[in-house]
Amino acid sequence: MKNKIKVAVLGATGFTGEMLVEILLDHPKVEVTYLASRTPNAIPYHKIFPRFYKKTDLLCENLNLDKAAKNSDIIFLTLPHTVSMSVVPQLLKEKRKIIDLSADYRIKNLKDYKKYYKIPHKDKINLKKAVYGLPEINKDLIPNTDIIANPGCYPTSVILALFPLLKEGLIEDKVIVDAKSSITGAGRKAVIDYHYSNISDNIWAYKPFIHQHTPEILSILKENTARDIDLTFVPHVVGVDAGIYSTIYITFKNKISKIEVTKIYNKYYKNCTFIRLLESLPKLKNVIGTNFCDIGFALNSNGKDCVLASSIDNLIKGAAGAAIQNMNIMQGWPESLGLL
Amino acid sequence: MKNKIKVAVLGATGFTGEMLVEILLDHPKVEVTYLASRTPNAIPYHKIFPRFYKKTDLLCENLNLDKAAKNSDIIFLTLPHTVSMSVVPQLLKEKRKIIDLSADYRIKNLKDYKKYYKIPHKDKINLKKAVYGLPEINKDLIPNTDIIANPGCYPTSVILALFPLLKEGLIEDKVIVDAKSSITGAGRKAVIDYHYSNISDNIWAYKPFIHQHTPEILSILKENTARDIDLTFVPHVVGVDAGIYSTIYITFKNKISKIEVTKIYNKYYKNCTFIRLLESLPKLKNVIGTNFCDIGFALNSNGKDCVLASSIDNLIKGAAGAAIQNMNIMQGWPESLGLL
Amino acid sequence: MKNKIKVAVLGATGFTGEMLVEILLDHPKVEVTYLASRTPNAIPYHKIFPRFYKKTDLLCENLNLDKAAKNSDIIFLTLPHTVSMSVVPQLLKEKRKIIDLSADYRIKNLKDYKKYYKIPHKDKINLKKAVYGLPEINKDLIPNTDIIANPGCYPTSVILALFPLLKEGLIEDKVIVDAKSSITGAGRKAVIDYHYSNISDNIWAYKPFIHQHTPEILSILKENTARDIDLTFVPHVVGVDAGIYSTIYITFKNKISKIEVTKIYNKYYKNCTFIRLLESLPKLKNVIGTNFCDIGFALNSNGKDCVLASSIDNLIKGAAGAAIQNMNIMQGWPESLGLL
Amino acid sequence: MKNKIKVAVLGATGFTGEMLVEILLDHPKVEVTYLASRTPNAIPYHKIFPRFYKKTDLLCENLNLDKAAKNSDIIFLTLPHTVSMSVVPQLLKEKRKIIDLSADYRIKNLKDYKKYYKIPHKDKINLKKAVYGLPEINKDLIPNTDIIANPGCYPTSVILALFPLLKEGLIEDKVIVDAKSSITGAGRKAVIDYHYSNISDNIWAYKPFIHQHTPEILSILKENTARDIDLTFVPHVVGVDAGIYSTIYITFKNKISKIEVTKIYNKYYKNCTFIRLLESLPKLKNVIGTNFCDIGFALNSNGKDCVLASSIDNLIKGAAGAAIQNMNIMQGWPESLGLL
């Protein structure tokens, strides 16, 4: 195991933590050294998740920050929102690199944070330093930070589809996003709403206009394009095992052709390993189990109205895969290492 | 069986025909007397669909129009689009009442028909007489016709949600509909795209801007509200067993309150048995197996941007249930007979 | 509502209680007068289950035995096992008829009850009086009791398939049952094991040899055939929305033909509305939403080894539908009233 | 790409062929050089399966044996049963190594082959040479052959569970297998039975006693243990995305303990990377996406009746994964290369 970087996962028993461990175990340049969660006694990780039997003998321990810092070079945080910001300061002080998968370091605006996450932000200093880890947009900043705010799942699918068109100033302000997600995006919780019987064969919209990912989408697009949009964001729960499918309704300011739209996407994404621009609208299942974001679009015959569709595996490109992509870039490794 | 009206179902082996037979068999005022399809030999219907065993001994015969007319008072047509219009003239000549579940008599505009269904319309005379069978909107016309054009599944969900607001002239022209449907809406066909493995856990948008239900939505709304809308209609296939969930994005011309919107819906629908106006956005599963259309809405804090959601069982309120509701009204029976 | 029998459902918020209310609301001879559950305040039932909106305005109240008795002629108990027996004595004292859907009055053997349900039985007097409500086997006893023990879901599927063959003394002792069930059979509980993600696309065997329905199957068969079997019962959870599919492996003592087996089933079941003997093995989906039990069998070419398969909707014929069938028989109504 | 072995996949558009391509593309020691199917014109593989976009630019060509032989060292055949045996002779003559995923080289008994596959075997010479590629049982033979008969999916799950106990002579002859499979095992075919609506939420038993995998299970067990069993094999289709779950009912000749059974499995499998002996019965989802076979068992309190359960991903350990495991062993590479 010489020359391998040591990594820890804090919050290893959620859906995202589990996916992170799965990918990290197969990553050629890292050694997973510490897994933690809220658990009275350390137990083998494969006793919690039997599918890891014969893949790892690691224990999942009760979270201890000193131990985490001592045993790792890079620390992934898959802790609940508002918990991450209480542990990051200590870990950064100990010179560890942090990739935080919670929402705590994504939104720079303190009012928005308080409005959507219900408590005031507790770590303003590091919030300023944190880099939003969406490599397709700000790859250059990632190697130079010790704290990555890993993007939310919905924002990843929405921002990647909108960014090039918005950056070029081609679209009207009004943008409507109808997003469909697997329930795994809501976390592994024992609530009656997530009972098989309530999800299977079901579809419903929730938190219309007020979902906490709305300010994330707006602020990241603003930071990176200097433009505002008038966003309607309506997420839906759909009875699928995994994935997010975002259908996005935009209007071009001027008549445009399919070829021109394609050129713009290629201008920004042609070197992006994990973006696949399709000739038609994507199907969700094609990205499941991968770190790809598939993007397609269809223009109305008027050349102005346009529908974009963007699909990702919400636990991979929407969480754990993106986190590893960020780690690869921080370390100067090939972006796709361990992800193909 | 005295005093019962005799009904026939032509096209009894599709998803819609099957649902129609199921509901008709339990209807207190009708006797199913003739089932037909394309089949070389007459066979017991329960041999085709074993779930009808011990519920009916009826045969499914090879389609014979004379026999259909001779054996029934009301004829339901669940034939493919473009086939219905080749059989309707003869059946009407024999003084039968027709409820046609194909698209053939829904669109009055001949150019639109040809554009979307690829062949010229063959029965212009009866096309003019046909009444669009959406009772919540034009209940008065239904008793006075012999030919009902039963609404399409997507149009039912979309028109019912939009009609009151459009009729009152409250909303901007631009309307976006993101509709999600079970694959059963596409008919019972042995194609690889409908293989379990392609549908399960999958989502995809199809026919953006160009779906054949677009002109149906536009023309019916125009006829009934005298208003045009600028419609973007994007249907999606979703891996659910049944149902349609249409999410509709509109903007009110002037700031409005939740109470006012509720009042408008109540003004039009308070006597409609099968419309349920909810206090929040609907969940698909609540309408499955029923003839209800659940409608909910959410207003943005600006009081103008609004999302409507409308859900139906695509084979019941979106097809067979609506057809029976139409029959009930044609016959002067209670609208909900056999449907609750 | 004159001449209607008044019925109450105690435990109206479980899967079974919900299904019971749904069927009872459409039953022509009863009026639902009281719904109760554990709930601090009475709330409209359709606020708990929005699919009942516009179908009933009944409240669901906090369980009060006096009120239940006062307001009803027949009381359905869909309470947890071990709770039923604490309320039955009072309700019987008040001369109400009881249909208990828990396990409390199914097993006459007190040791078995304690072994499988972990506490001693508290109501031995009424236990003796209770009739096991499987009408296909003991229809004659049902009209003469005030307390029906409604059969378990697995036992219904297994006993109905085995009874005629065992009664005739045709099969070897060794019987293996491999049963597959929807998770709804386990009740509406907020536990992580029933999370969508754990059930969808999953299959597993549980409680092999030791499931609590084992003594129920054995004792009911013994009571009704005077024969013992050597039963291996292994239930499985399968990611389906509803239903039980029991595959049963038996050996005939002597070579037998398909025709002879068919004759035996017909001897016992030819007048049973809800049993459908098929010419081949059943498919689960054909019974979903119905009160039917579909039974099929296949004989090996040796004429001795045989596989039976039996499928039911676990919440209907396996619970609520059977309860209503029992009520119909108790009241002298047609067995299938409200159930077709 | 120096030093990489060249591999071809003939029949690359079935479920198994697709999975094989997916795993081979990530395998560190091979280069996929030729993909073929029945297709009039060569087209990019990712045009057929969009999920391969940006993963491979390979064409899928119309099958040409000369070209296949010329361009590859090892050839995987995922052709339909009875087709493989018409191409194997030529390919072996050209000194290629063959891994055949059809049934053509699995059963040595010519009468059984004809009985179950409906035509006489056409390649008796190579049939004799072919090695049944189940490495956990006959690893030693695999490196010394040029033609591997890759095991069937059901037989893999059943043989692996039974082999150690049968080899030791511990169990009675009578063995009952109740197997549950995803519909993907039946191949990618456009038939109405595999329509989403027929599979979703459905379960059914098929081909009881007469499934074509029955002689495969019997003959392979006989060859490797010199023992006969009296097998009842009843497969079921279940509405799950992937996987096989086989529940196996056996009786030990003499009373045995859990520890003793565990010891026997460990004796045979302790060095088998892909077998996981569990302390309880397996859950299907834990093996999906992996090459593992999970085996668990439960003993009745009598110490004799026993239920085994064995689960695999039918397209991986039951087909493509096993084929690659065989390739690894043939080439002298680590058995698990590219499979973890």
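In this document, chain identifiers A, B, C and D correspond to the written order of the chains, with residue numbering beginning at 1 in each.
The definition used in the following text is that a residue touches a chain if its C-beta (ideal position, glycine included) is under 8 Å from a C-beta of that chain, and two chains touch if they have at least 3 such contacts.
Keep in mind that what you see is a predicted model, and the values were worked out from it rather than measured.
Peer 1: How big is the rotation relating chain A to chain C when the fit is done on Cα atoms? Please round to the nearest 5 degrees.
Peer 2: 180
Peer 1: Of the other chains, whose C-alpha centre is the longest way from the centre of chain A?
Peer 2: Max centre-to-centre separation from chain A belongs to C.
Peer 1: Chain B to chain D: how many Å between their CA centres?
Peer 2: Centre-to-centre distance between chain B and chain D: 46 Å.
Peer 1: Please work out the Cα centroid separation of chain A and chain D, and write it as a whole number of Å.
Peer 2: 37
Peer 1: Just how far, in Å, is the C-alpha centre of chain D from the one of chain C?
Peer 2: 40
Peer 1: Out of chain A, which residues touch more than one other chain, so two or more?
Peer 2: Within chain A, the residues that touch at least two other chains are 198, 201, 239, 241, 282-283, 285.
Peer 1: Provide the residue numbers of chain D that touch chain A in the complex, in ascending order.
Peer 2: 26, 50-51, 53-55, 201, 241, 273, 276, 278, 282-283, 285-287, 289-290, 292, 294, 340
Peer 1: Tell me, which parts of chain C touch chain A in their complex?
Peer 2: These residues of chain C touch chain A: 15, 183-184, 188-192, 194-201, 239, 241.
Peer 1: Chain A touches which residues of chain B in the complex?
Peer 2: Touching chain A from chain B are residues 176, 178, 180, 198, 201-206, 208-209, 232, 234, 236, 238-243, 245, 247, 249, 281-285, 288, 298, 300-301, 305, 307, 309, 311.
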